[in-house]
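One chain, chain A, appears in both complexes that follow, with chain B as partner in the first and chain C in the second.
Presenting the complex of A and B:
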């Protein structure tokens, strides 16, 4: 397989959930730069439509419960034509981690995810303003309890620490002033809604939709001193100041780098982050500009960047489903798909705390690794799956009577990615393929037994260490 | 010094167990006033005294209670009760009611019992996915869905095909360690998983018992726990759960079935331990995230507060602990039972008296202890 294809597969693993060979060929005909542009300017998404989903899933019409809501988003990730849109929404979901546990309002969470789709590529300033008005966030971090007469610092603190600048770049006084500026930012009928949330009650009328409300009479309109500036700041003014801070540019660029490029930031990584920070300021805080700089950087394209990230559980589950071509039509099994994310340690829409998930190698422990391998191996060793059949067709094309184990291994690795593997892995795979003997063909085609034989090998490749990496 | 050889089995009743229909205030007329439909008939109750008694679906637990092996912790809960399943369960798991905690209390117990993480099986969860109670960074816990098929490639049914796959896996993960620390870590973790599974899978073969557990999931879960415990792999903390106890409707039938299953499983487990002379080495704790509303809704009961926990074992000092909360209108908390003892008192008792560990960092504070278990 050519260098171009390896690079493109790398881009699609990072800016999406991996590519099938069909998708990869389309990208290759566009070329790298155009593909990056298309990913960053996705336009309308093509994905499983709501009317179809609702015909099969009552729970995904009401979206009251966590698992149905998680499954609903997974359908979107698995079937979308705009993979980066979802991958980026998943990034924001991890960064601005808002969890179901305290809210008992799955639809409000999905509205937040929708907001990420709408604002996620644009100005980081605008995104932070929308985040501050997001009802799920307001309840999650108690801004409904942040009053003119008695501030609650929770949101103000996390806005600075976890969402924008990072600890060490502001004082405790800045936190208080920040909190003051967000007094009165609440949701309609907040008192009732928070009682309902804590009681987890659907009576009466089921879940009630949440809306942002600004209460001028509960807003502290007095003078505030924030990061050295003085004024009668409201929330937007605070975000304006935050957006122009160098620590904000560094924080955002670093987090994007770790999510899209490498878990560990080395010297060359720091160079890229610097360039990303420049793009941040030059573009007026545009996330898409920061990402363009990253994807087009020499480091991102280098061999060094490949396989330097541990796939997150959701990414892994979605990538596997897309490669297998499964979950393209409504099926009750989609709840099992959501449960998988929980088993692997990243329950979608249920981050454990506002810190989000611990990523990188911390995704891996013996329990979660077993879950990952068992899921991917089962999904991809099933010769009835459309995506698996497509790989089998491509692997056997050009052969007539039989394929030797070594060729079969290399060919499967190619059409599943291409995936590059180490020597030990390749030897283990060849040993496995040899135990099954040559793949016999009839006029260039496999019979049922032959298809199952290739599928077993594909499942084995999904069990490798390299498959756990992006 | 942590006590050797003692273990804890936690049984989580997910969904919010209805306290009033578990330990029934059958001698209190008001119970039947509030519970017009969803109640246990007076003549069916298994009496503890003139006022309180067990639901008939707890008969095996009643039998152990009569032998003095069951501590009933009445009115257990925490301040400002949260009636959300997820949040309240998190509170029980992290022992942090006031803020969102990151470390599970049992994960911390496991870390203190095995500080160098020498045994990958010190904590074993029966079920898929790790309950937050067991989650602490760097503390390995095995999560076992099904002991018979536990490990890699459970979907390959054919034994010889499975062996080929496992051999290839060992080759791929156990190969020469290279320079890449992440690949090395993955290799090590994969080999640990393989090893852990190999050890665990031997448990059913080593096991023999006259006890016949029922076929339902909690009975099979308790059987698996018995198998692993009796195989002496050094496991000290076991976890399993059963549900759903979220009985908003059709409670009479569902609640009865669930308790038949749980009490049957726990009773069989105790007998199994006794058969092997091990009943003094293990304590079972049964808990739920909250109780349910005092007044029924005509078919079931809604989320409430104030609950009951059970501690069962050979070394347990049986009896009623805590206060059974008054159900009188004037004494209610927004239509619910008032708790009167913090769940962290029970945790502290287990951590210190049973395991010989310092409970303060584990339960995040000092709490008065009960005297329900011999040190």
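Presenting the complex of A and C:
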């Protein structure tokens, strides 16, 4: 396994959902720096076309319900040519956690995800403005109830606490003034849509999707004092002030570091975060600049950073499906793919609270671990899957009559990632491979039994501790 | 006769979303067929949460819900998985295609299973995703064989007669064809879905004409899903990707365009009588809003504009010149009168 391949596989696990060997070879021919640039400037995505999805899946055409909407996004993640675009959208979904349970409006949630794709790499200031105008967010945090004559602080509070600066960097008065600035920021037909959402009403003709509306006559245009500045601030002015704050740069950089680099932040991590904050200000708050600094940092490229994050359930499911080559075309029971994310503790579009999910080692408990292992092992031990067949072809390439267990294990680990495993894990895998005997080939090829034998080993590798780490 | 005008008047909306497993209302309807007695048979494709109740519901133009039949989700006799389209044949039997089981099932108008044919394959008499279906007065059955990119022709009981077409963009070639309609001379019109056009053939599969592939926006179809022809030879196309119905004369010129104007069905009115809080807030709402630029495409506009067609998958014309537009995403049928 070359160092370059190992580093590139690390980058693609973090900035995407892992790479198939074809994808990895393409990245290696581009080189690390160019690959980072391409990930950060993705252009138009290639993914499963909407028309095919809508024709086949009535639920994903209507997008009335959670499972269909979740499956719709999973199709995009599994088939996209722009993995970082989706991985970053998933990050924003966790940070600005907006959930189906209160909204009962899956289309609005997916529109929010589209907004993350559109603004997610750009200015954090612009992203926060769009977030404040997002109909799903407005209803999720009650800004439709935030009126000139009677403010509702919910959105204003979370904008400061959970979405930008973090607690301890503003006062209760700042929250009130912030809320006042966002009065009148609501959604079209807010009264009717609010009643429908609260009753989960789909009648008479299904959901009616939402869009933003500004009601000038419900906006408090009076003077406000916010974070030491005074003016007749509207919502955009408030976001302008927030974006320039040092705590905002630290908050954003730290969250990006934890999501893309390492669950734990040590001294060396803090140095990277400082450099990310500098990039934030130098670039005019650009998220892509902050990420570029992270991905090109020595820390990110170091051995210490690798396998230091527990894969989130969605990452795990999508990465496995991509590796297996599953769900590349409309598939009858794709909504079960969404259900897997729920069973593993990260129901897509259904975060438990506005705080999102608790990540890191908290992803793993005995129940969710069993779900993870069962799913990955089942997908990857199926020799009929295109991706598994590709691994088998590569593993057997260069051999003619047979492959010994040890070589088979090392070769599978290589072509599944490369995946680095500990000595104990490798020993266990060799023991398993030995229990199946040498892999017999005929003119360098496996028969059905041989393919199943390799696939069982691939499934076993997907059951290891290391496979759960990114 | 070539007509340059047609008068189409909105009549009513039938339907309400059905969130359960039976009774009044529709669950992602995919097609209608008008029975021998004039009743409206509605094919409920159903989403995954309701698929065990996959069924045909029967109502009439007066919005009386009459009865329903279904045998559950699966590939057993009478069961369906992903039903697409249906048609009554000359004997008054109802034929339903299923793109997942690759089967045509024949039912009586009461729902009794009378027969079936088809299985997966690409040879004569086999299917890969049967979709649109129509029958002529002699009982001959025409079926779009979607993923084999061809049309197949059968006897009334499933005896293979002929086929034409292959994958491509040329004349007589198809890309995932969906709906199918016949005119009074048994010419065959195919909604050539992923080629964004309708192709016309004679009953033996000889290519005659292409409609809707114009550069002119009003004439340009996007992913047409269904086609139906009136007594004057005018062609009604469910322009699915544009969320509209386009009406062409026999020369292929657009003579009318419908975008939907749904009102409350009787069933919807009953709902609001029981839910006055929703009606009160609805009455102060604008259900025809101006949609912001970033959502300004047909799909998003229709998702936000309740009266507009959203997912118009099927168009059918009955013997009284009524046009039925089936909307999968809105669980209803908008009915128009052609004058």
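As a convention for this text, the second predicted complex is superposed on the first by the 470 of 470 C-alpha atoms of A that agree within 3 Å, B and C clash if a C-alpha of one lies under 4 Å from a C-alpha of the other, contacts with A are read in each partner's own complex, and residues count from 1 in each chain.
Here is the rule we go by: a contact is a pair of C-beta atoms (placed from the backbone, for glycine too) under 8 Å apart; a residue touches a chain by one contact, two chains touch by 3 or more.
Remember, it's a predicted structure, so these values are computed and weren't measured experimentally.
Of the two partner chains, neither chain B nor chain C is touched by A:13. Of the two partner chains, chain C is the only one that A:332 touches; chain B does not reach it. By the touch criterion stated above, A:345 is placed in contact with chain B alone, chain C being left untouched.
Of the two partner chains placed by superposition, only chain C is touched by A:62; chain B is not. Contacts of A:203 after superposition on the shared chain: both chain B and chain C are touched.
When the shared chain is aligned, chain B comes close enough to touch A:358, but chain C does not. Of the two partner chains, chain C is the only one that A:212 touches; chain B does not reach it. Once the two structures are superposed, chain B and chain C can be ranked by residues of chain A touched, with B on top. Annotation: chain A residues 199, 201, 203 touch chain B in one complex and chain C in the other. Per the touch definition, chain C reaches chain A in the complex via residues 15-17, 19, 28, 30, 45-49, 81-82, 100, 176, 178, 193-194, 223, 225, 241, 262, 264-265, 267-268, 271-272, 275, 277-278, 281-282, 284-287, 289, 291-292, 294-295, 300, 303-304, 306, 310-311, 328-332. Of all residues in chain A, those touching chain C in their complex are 51, 54-56, 58-59, 61-62, 64-65, 67-68, 107, 111, 118, 188-189, 191-192, 194-196, 199, 201-212, 332-333, 335.
Residues of chain B that touch chain A in their complex: 82-87, 90, 100-102, 120, 128-130, 132, 137, 140-143, 151-155, 161, 164-165, 167-169, 171-173, 175-176, 178, 182-183, 185-187, 189-190, 192-193, 196-197, 302-303. Taken together, the chain A residues at the contact with chain B in this complex read 66, 100-102, 104, 197-201, 203, 263, 308, 310, 339, 342-343, 345, 347, 350, 352-355, 358, 361-362, 364-367, 369-371, 373-374, 377-378, 381, 422-425, 427-429, 431-432, 435-436, 456, 460, 463-466, 468-469.
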